[in-house]
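Before anything else, here's the structure in question.
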Amino acid sequence: MEDVTDSTGKIVLGADRYGKAENRVVRIYRDTPRHEIRDLNVSSCLRGDFAAAYTVGDQSSVLPTDSQKQTIYTYAKTHGDGSIEEYGLALARHFVDDIAPVQSARIEIEEYAWERVIAGGRPHEHTWTRRGPEVRIAAITVAGSGAERREWVIGGVRDLVILKSTGSEFAGFLTDEFTVLEPTRDRVMATSLVARWRFTTPPDDWDATHAGIRAALVERFALLHSKALQQTLFDMGRTVLEAYPCLAEIRLSAPNKHHFAYDLARFGVDSTDEVFHADDRPYGLIEATVRREDAPDAGIAWDTYTGAV
Amino acid sequence: MEDVTDSTGKIVLGADRYGKAENRVVRIYRDTPRHEIRDLNVSSCLRGDFAAAYTVGDQSSVLPTDSQKQTIYTYAKTHGDGSIEEYGLALARHFVDDIAPVQSARIEIEEYAWERVIAGGRPHEHTWTRRGPEVRIAAITVAGSGAERREWVIGGVRDLVILKSTGSEFAGFLTDEFTVLEPTRDRVMATSLVARWRFTTPPDDWDATHAGIRAALVERFALLHSKALQQTLFDMGRTVLEAYPCLAEIRLSAPNKHHFAYDLARFGVDSTDEVFHADDRPYGLIEATVRREDAPDAGIAWDTYTGAV
Amino acid sequence: MEDVTDSTGKIVLGADRYGKAENRVVRIYRDTPRHEIRDLNVSSCLRGDFAAAYTVGDQSSVLPTDSQKQTIYTYAKTHGDGSIEEYGLALARHFVDDIAPVQSARIEIEEYAWERVIAGGRPHEHTWTRRGPEVRIAAITVAGSGAERREWVIGGVRDLVILKSTGSEFAGFLTDEFTVLEPTRDRVMATSLVARWRFTTPPDDWDATHAGIRAALVERFALLHSKALQQTLFDMGRTVLEAYPCLAEIRLSAPNKHHFAYDLARFGVDSTDEVFHADDRPYGLIEATVRREDAPDAGIAWDTYTGAV
Amino acid sequence: MEDVTDSTGKIVLGADRYGKAENRVVRIYRDTPRHEIRDLNVSSCLRGDFAAAYTVGDQSSVLPTDSQKQTIYTYAKTHGDGSIEEYGLALARHFVDDIAPVQSARIEIEEYAWERVIAGGRPHEHTWTRRGPEVRIAAITVAGSGAERREWVIGGVRDLVILKSTGSEFAGFLTDEFTVLEPTRDRVMATSLVARWRFTTPPDDWDATHAGIRAALVERFALLHSKALQQTLFDMGRTVLEAYPCLAEIRLSAPNKHHFAYDLARFGVDSTDEVFHADDRPYGLIEATVRREDAPDAGIAWDTYTGAV
């Protein structure tokens, strides 16, 4: 607000976009008696020559969000045999290539995990239970055509709740007149991680790559003796980038889910960091990007639509 | 409303109860380098001679809910080495036996599952990820003293989301002038089960019993060819009671999470029950109790306090 | 669990019921240019001769929940010109009277409030904004026919969040070895009230009665100097029963939403109960019924189905 | 993903930030017997020279999030007599000016509305009920010092749920092979608006400005005959900018909350757009910015931290 005068310039339409959010697509694969399931939440988002819809109410360039919905469900059958990243790429390319006014399309997908039920001592062919809270996420953006064509793929995970009961400290920090926190050499550290990684090149196997990155993140959280959540996040990110040359960068958002040691000494009970109160709010919130110095331009890859990714 | 005149009787205090709800207790067991974790949401609820607090604002018989909270956290250390049912029994007995005005106490507990992380190729000693959405629940009620002493234990599970992609039909139903539903011989059947079972006798191993009941429920859902969710629920309940003589009854609440086959024929695509829309609302809601004819009296066992159980 | 032996009795179906939950009905009244809106969440629940559906998978007595849904939407037009209590009565009577196997029907309704928008200096004829968080609720139960016919109507409100910044104390309470709470003569008292009242006779104007009861509850919360939430709740309930002879009883459930005075003295700031932390969990939870001694039998009036009421 | 080779560049820390999220501050003003209340959810977010915390676990430049929390609660007393924008500015300036490593600070605030209760026929002096679902939001960013100092203020509202029962159409849209939607000349239009506006110059009265912008948005939604949500949003934004020269731009995010006319003709009932099903998912999602061509640079003003704004 450094300007001392009001703005009086012409009023115009700035950035705009629209689409159909949160299509709850469930795909069952019935090719053999052993069925497979994929449970998705899919959002489409289009940008392009839509200004007339805003400024004069002219819909002639606007593909209804209902049509986008029909496409999403149809493509689940016709282009849904692979990973969510491949399905998203097919959808995004369709909107850019086949719908004239569309200049770029973004597809955001959440995938909910299901686990095959054990029945009669073996995995059942067509029954599963949901497994969470962790959700796999992806965001695919396709823009332009011909030589101008760009494609960005982000994979990730949200609500990966992880906790270590020791191997974490927090000390030697800056203090000010509002600092009453005591340093600690042993604490519970817990978070509900959101991690999103941007691909430079498509991996041979999207699903295996996702599983490998997820495993690496979890392993580093466990193995690194932590001096702070910041250090842990950077180490997790670096480890993933070292192991996956197909990635340009990884973004991590981590609430510090505070577990306060409960004071039982008042009641004559020695608890020694065995009883904690898991507090709801407020919480620390640490966010960091780990990236390669030579990472290609991210363009609009990180321009999130629904909060799904 | 069959009475034709208004009520004019004396106005009195009816049933009342109070307590501290949703204490988020996390217990870490550090006896060996391989830690264990138990993550709980604990509520206490007391009934007794508290009328004066309501009618004249006299607190002299009211144990503060803060004191109940301190007790809950303290007992996590002193009485928290076993199952949630045993921990709940210890808490409920304490309130009834040691706090004079208390005539009955109810302890409701939710237990959140954690799964040991794999790091360096083996289970890590002090790191876990949360596993959901399923939550184990228990409700323990203790009432009276001496010869009047009664104790009821309910165990259970909520948010057990389960789906079968075939082996379910719905046909031959009653019709009226509002019936437009078509019968079906093959459909997706899914629910988010809440199951609660009442114990007659304490099992040797509460945790193993919980795991066994949960496994039996899931297995029957998978194996039974379903003619309706009603039939499936009854079969699940009967199977559990047959296998667990320690149980008097089981209560099942099951939303029918509708998965509607998506009509792709409009777009020239043959999908044959492979693409579904998972609808949010409305949903069918089926509830049933399966019980033994000679089950002992349930008393106030099912008088739920917080919604936790 | 006073029995020393396991139960081995015959396994049978206990209580059962089913219906369609959470139909999101929006009714617009367009009789004049000044439209009206009613925004509802309606659930139907049937009990009756449905045992064969559970025990042998025979649906011949089962009216599909889809048919119930169609009825709910249709009745919004044909029987939806009055209050939610009247609409619910019409639906419940229909299910009991017209669907042979049905012995009792329960209709639970939530009504969301909308407020007419001001445009051009006056209330707009067809635009509203939602007003919450408070929700009006009702539960109507109809059972039997002929001389056996019974009808119960419950009205109420949930999520009525109310706070007073003074005029509340808590002192003189019972103490035990876990009591560390200090008595207080001045505190913030806040709750998110659920209040449900049972009618003995139908009022002339259901909507005006609802508004009057709601106003009385709020006024008493404000005016009574509180010695505890218990005392406040009883006083609120008694006041309502005194003013409304058409009511038999009122049930109140009130979380004590703790607002902790923040200690700023550590930082040299005198705050004198001006800055508080609104804590999430745990919370006290106080529940009480205020009733007339001569209230008619409640039967199954309080047998809640969805949590809506 | 146009690169044909993997990235192999040096791995470095990219953007990072941290803070304390969701401090639930309640401020009571007790200067006179007529109290006032302000109910806030406050998050702080710092950027600066924190790289060593990530890369080598050195906390010597890291002010604990706990210290930020203490500051937030203390400032509620010492700098909390005005609007949330002024309170946020004070906090952000403090972190930048007084904590050496901090280069920029962002304060995000939600304010929950309370309405004075009527008791004894007049507004009560110290009792309120909560009013929602609408929430006022603000995001204040302060960066740099001396000649480099920049300050950005964003105000706004979220969860402003608004509905019009007529005066809305959708026709003349683009069609493709997936288009089955029928055009309509009369429909219910509803959204749950998020609107955020960026100030160029500080208004004389932040609270009055907020109320005025909110009223203008609502009025335009009501008055404009809508050819699509896009047109309505642009008109709302333009109207606000025209009336408030202190604003540079406004961003609008609007889910199209679909209300589907229910087909009652099947049951012989003429409903003529009087009965609707309010669907949950999927929903259209329309987003647009309306701005002045000469608007000053937004810098990091829109770099959202918690989702609060």
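As written, the chains take the letters A, B, C and D, and residue 1 is the first residue of each chain.
In this text, a contact is a pair of C-beta atoms (placed from the backbone, for glycine too) under 8 Å apart; a residue touches a chain by one contact, two chains touch by 3 or more.
Here is each chain with its UniProt name: A, B, C, D = Uricase.
These figures come from a predicted structure and were not determined experimentally.
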item	value
Labels of chains that are neighbours to subunit A and to subunit D	B, C
Selected pair, greater C-beta contact count between A-B and A-C	A-B
Inter-centroid spacing, subunit C versus subunit B (mean Cα positions, whole Å)	22
Inter-chain centre distance, subunit A versus subunit B - centres from mean C-alpha coordinates, in Å	31
Computed distance of Cα centres, subunit C from subunit A, in Å	38
Touching two or more other chains - residue numbers and ranges from subunit A	23-24, 70, 74, 178, 180, 266-267, 280-281
Subunit A-facing residues of subunit C, complex	177-178, 180, 266-267, 280-281
Sites on subunit B touched by subunit C in the complex	1-24, 43, 45, 50, 53-71, 74, 98-99, 101, 149-153, 170-176, 178-181, 199-202, 226-228, 230-231, 233-234, 237-238, 241-242, 245-249, 251, 255-256, 281-296, 305-307
Sites on subunit A touched by subunit B in the complex	23-30, 35, 37, 39, 70, 73-74, 76-78, 80, 114, 117-120, 124, 126-134, 160-167, 188, 215, 218-219, 221-223, 259, 262, 264, 266-267, 269, 271-280
